[in-house]
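Both complexes shown next keep chain A, but they swap its partner, so chain B is in the first and chain C is in the second.
What follows is the complex of A and B.
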C-alpha cells in the first residue's frame, strides 16, 4: 500500500510509575502499559485491536487521542504529529477524532439531559449559530441512531444499555468526525442488542465513510467488523494481519490459543487445538529480557527467554508477528 | 431424578408493582447432567438459581415446588436449609471479586464447609483445603491458603470459588455466569476444570450463562429464558439444529461467527426486552417477534412438547407458522 495512512502510530510507549512506601512514597519501578506499539490505519477501514484485560488496549486508544501523555513515540493524524501540539490546535484536530467508551453507564453524565449530552460537542467546537440549528442537529443525530427525538429531554438513567450506547454514538457523530475510536463499545451489551449496535456502526461507517479503531476482547465480534486486526499481549503487538490471514492462518502461539479458547455456538464444532489451551494467569510479568509470553507459551524454548522477538513479516500479505517460531 | 422444579415463581414486591422475576418455570435435572439456563440480563436466570437455594430476600414471594432428593426446598425449615447449602447444593457466583470475603484469608473461607458440615478440627480441614487448591490447579497451594482475596487475580479467585463449591462433593453445583468476568483464555481453562471435576464427582451442573458458545460446548440440555419464563427447552443438539422459538432463532442469528461469511450483516432482534414491572398482557416476546399472530397479544403461550426432548412456548409455532 502506497496510500498515505489516515492515522500513524509510531513506536508509542507509556509507562506508569509505581509508588510504594508507608509515609514517603518512593518510585520503586515502572509498569510498561504499552511498549513500542506501531500501526497504521488507512481511510475507510476498520482496524481491530484485540487482547485480554490489562494488555494495554485502552491505554493505546487514550494515547492516540492524546488523552494521556506519551512516554515516547508519536501519533500522526493526516501527517500531522499530535504529540506536543498546542492545546488550541489539538482541539481543532480532535473534532475529527471522536471516541465511544465501553461503559454506557459511566460515560454519560447522569445530570445532563440526553439532548445536551449529544449537543455538547457542538457547543465546544462552536459549530451552531443559534438554538434552533442546535436542536435540529441533535434531532437529526438521534433519528440516525434510531432514537426517538421526542425523548431528548430525558436523563441517561431512563434508557437501557443499548439505548445509552446509541446516545454515545450520536454524541461522537454530532461534529462530523472522520475517525472514531470504539473502545469495547458492545462488550457490556446482551447478544441481541450487541448485534443491533454492530449493524448500526457498520451502516454509519458506510454512510459517512468513517474510519474505525475497534477495540474488543471478543474475537468473533472483531472478526465480523474489522478489515485488519492486531493482537496485543502485555503491552505489545504480537501479531498483525488482515482478517482472513489472522483468523485463517494464525501464527503467534498466543493468537492460536485465543482462537482455540473461543467457544463456538455450534455443538458439532470441533476443537482441534486442545493443546493450544493456555495454562496460568496473565498476571505473571517477569522481568526477564525475553518474550513476555514466555511463561504461558506452549511452544517456548530457551531462545525465547533470552532474546526478545521483534515484529516481522511471516508472508507476503503484510502478515506480521513477534515470535521466534520458525527461526533456527 | 435429582432435582425437580415445578411451577416455581419468584416475585419481588416494589413500591409500585410486583416484579415477576421468575414466573412459573418447571424443569428437571438428573444426576450428573449439565443443564444450561440461557437468557439476557434481566431474564430471571439468576433469580431462578438463587431461588433454588432460597438465597433470595425474605420479602420475596416464592411459590411452587423444588423437590431435591425427596425434600421440598420451598417449604424447608431454616435448619434443614443450612444443612443443605454447601453440602448438597453448592454455588459458584459470577463475580469472584465480590463473592469472597475481603477480610478473611482464602484458607479461612475454604475450610468453612468442613468446619460447619463435617465438624472437623481446623488442622484436618486445613490440610483438606490445601488438597482442594491443588485440585483446582493453584500453585503453591499452602502459601495461597494464607493469602487474602485481593492478593489473587480474577482467574485465581474464581478457582478458589470452584474449590469451595466442590469441597463436599455436592450432588448439585450451580454456576451462575462463572466466567463472564474473566478473559477468554482463562475462562476456557476454568470451564474445562469445572466440567472435569463435576464429571469425576458425578455432580450435576446447572450452568447459567448468556454465552451460546459455552452452552454448545458444555451443556447436555438447554433452557432459554425470556422475561421470567422458559420459552424453549431442548437437548443441546436439537436446540442448535432446530431452534423453534423465534427468540432462540433470533439469539442464534445475532451471534457473530468466525466461520461465517464476512461482509454479511448480523440479524439482530429488534427492540428491547420488556420491563418486568409492567409486563405485556400476552407473550412477552410479542413486540419483537417477526412471526406474531393475533393470539400472541392476548394470551400467554405455555410450553408444549414437540417431541421427547424438545418443548417450546409459542402460539405461532402451534398454528404451524
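What follows is the complex of A and C.
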C-alpha cells in the first residue's frame, strides 16, 4: 500500500546565472543553488529540512510555492503539477499552501494594521461575506495564536519579534490551508520565545491536521518537531530518514559533523569535546565531478572526487544517504 | 511639532483658497483698469501696494492672480503625478522589458524642453492655461516616474511583498496595497516641491506671452514684469515673489505633514509624546 503524498518534489533544480562585465554582460557560469532535489511529504507529517546557511533551503521552499521559476524538475501538490499551472489556477491553489517567513520584521507590511494583515488572505480569496464575519474570523485567529484581539488596530512595529511571528502564523492560517511551509520560523527569536512558538505550531498542527515543511539550521529544533528529516548540503540532499534513525544513527559524514557541532550544555564537557569542526568553504563553487562535500569531508578518498554519490537506501528503513562510505 | 507645521500649511492654503474664491469682492480696484497718469507709483492709501507700468492696482492684480497661479501649480502637479506614479509603479514592479520600455519613453520625454512643448501646444490649442498645464504635465511626469520606479525596485524586495504573492494576491493588489503606501513618502515630497516649480515654469511661459494672456495676471507674470522696475517699485515683483514663496512653503509643510501621517511609525511616536 502506498499512500499518495500531499506534496511531491521531483528532481527540482535551480540555477542562478552569474554575469560579469560592466557594459557587455556575459554569462560566465551558473551557481547551482538547488540540484536535483526530490522528496515526498505525506499528509499530517512534519518534514524537517536542515542545512547550513546558503545550502539552498530557502530556494527549495520558494520553488515549492512557485515564487521562483525552476530550472528543471516539477512540484506536485495533491497530484497536480504546479510548475506549468496558469496564473489564475495557481492563485487558487495558493490558498491551500501558506508560508511563515524567517524574519518577522520584514514579512509584515509596515503600513498595514494587524487586523488587515491577518485578514488579507480572506480578502484575496473573497472568503468572507461581510465586515463582521471578517472581524470575527480575524479575532478568532488572534485568540488562537494567543494575541489579544483588542490590539488588532495596531501596526507591526509596535510588536516584539515573537508577537510578530504569531501574527505571521495567524495570517497563514486564516484561510484554513492544508500545507504550511515554515522557513526558519524561530531562528530569529530568543530561545525562550522559540519554545513557545514551536509549541504553538505543534498545537495548531494537531488541531487542524496540518502538514508542515519545517526548514531550519538548528538540529535540536528540528528534532523536536519533525517526523522525517532531510539534510541538505550545497544544494543537494545528502541524507534523508526518520527522526529516530537520523539522530540515532547518522550515516553521512556531514550529518555526523552537524550533530557533533550541537552545543553541549556543560562547559567542561564541551571543552573536552574533540569532534572535528568543519573547516573551509562549503564547496558550492567547486567544480569537480565528485561529491560536493569532498573538500571538508573527514572520510574522503579518491573515489569521492571523481564519482558523484547518489541517494540510496542504507538500511531496511527508508533511510537514504548519498555517500560512497561503506562501498568498496 | 510635526503636526503643527501641517496645520500651518493647511491654514495658509485655506486662506489662499478663500482669496481665490472671493477675489472679485476683495480686490479694491478693477485689476484691469489702467490709469496712465499714475504708473509705477509706490504704496499709497489708494493703492496699498502701488501701481504697475500701466497704472493698474498691484494689490488687485496679485489677488486676482491667485486663481490661475494655484490652478496651474496644482493641476499640472496632479496630472503629472498620476501619470508618473502609475508608470513608475508598473515599470518598477514588472521589471524586464516593460521597465526598459517605460524608462526609455521617460528619457525621451525628459529631453523635451518645456518652452518648446508649450510652443507646439499653443500652436495646436491656442495660448492659454490649458496649453500650459498640458505642457508642464508632459514634461514633469518623468520625475515622478523615475522616483517611484526607484523606490519600487527597493520596496518590492521586501519579504512582505513576496508574502503577498505567496498568499495569492494579484499584481494589481500588490501594486496598490503593498507598494504604493510604502512609496508614498517620496511621492508627496516630490509633489510639494513640484507645485512651486510649476508655478515658476508658468511665469517663464507667461513671460514669453505663451501662458495666461494679458490682461489676466498670474504671480509669475507679475514677478517677471516687475523685475524690470525693481529699483523704482520694489513691491511690484517682491509682493508676488513673497506669495509664491509662501505658497511653496505651505505646500512643503503639508507635504512633510502628510508624509509623516502616512507613516504609522512616525505619526504614532508623535501621538505618544503628546499623551505624556
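One rule holds for everything that comes next: the second predicted complex is superposed on the first by the 315 of 328 C-alpha atoms of A that agree within 3 Å, B and C clash if a C-alpha of one lies under 4 Å from a C-alpha of the other, contacts with A are read in each partner's own complex, and residues count from 1 in each chain.
Basically, a contact is a pair of C-beta atoms (placed from the backbone, for glycine too) under 8 Å apart; a residue touches a chain by one contact, two chains touch by 3 or more.
Keep in mind that what you see is a predicted model, and the values were worked out from it rather than measured.
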Simultaneous placement of chain C and chain B on chain A, clash or fit: fit
Touching partner for A:79 - first (chain B), second (chain C), both, neither: neither
Partner chain(s) touched by A:21 [first = chain B, second = chain C, both, neither]: neither
Geometry of the superposed three-chain model: angle at chain A (Cα centres of chain B and chain C, steps of 10 degrees): 80
Touched partner set for A:108, first chain B, second chain C, both or neither: second
First (chain B), second (chain C), both or neither touched by A:99: second
Which partner, chain B or chain C, touches more chain A residues: B
Minimal inter-chain CA distance - chain C and chain B, angstrom: 8
Doubly contacted chain A residues - partners chain C and chain B: none
Complex contact set, residues of chain B against chain A: 40-41, 137, 153, 155-156, 183-189, 192, 210-217, 236-237, 240, 250-260, 262, 265-270, 272-273
Chain B-facing residues of chain A, complex: 52-53, 160, 162-163, 190-196, 198-199, 202, 217-221, 223-224, 243, 247, 257-269, 271, 277-279, 281-283
Of chain A, residues touching chain C in the complex: 62, 65, 67, 90-92, 94-95, 97-99, 101, 103, 106-112, 120-121, 124-125, 155, 157-158, 171
Chain A-touching residues of chain C, taken from the complex the two chains share: 158-160, 162-170, 173, 177-178, 181-182, 262-265, 268
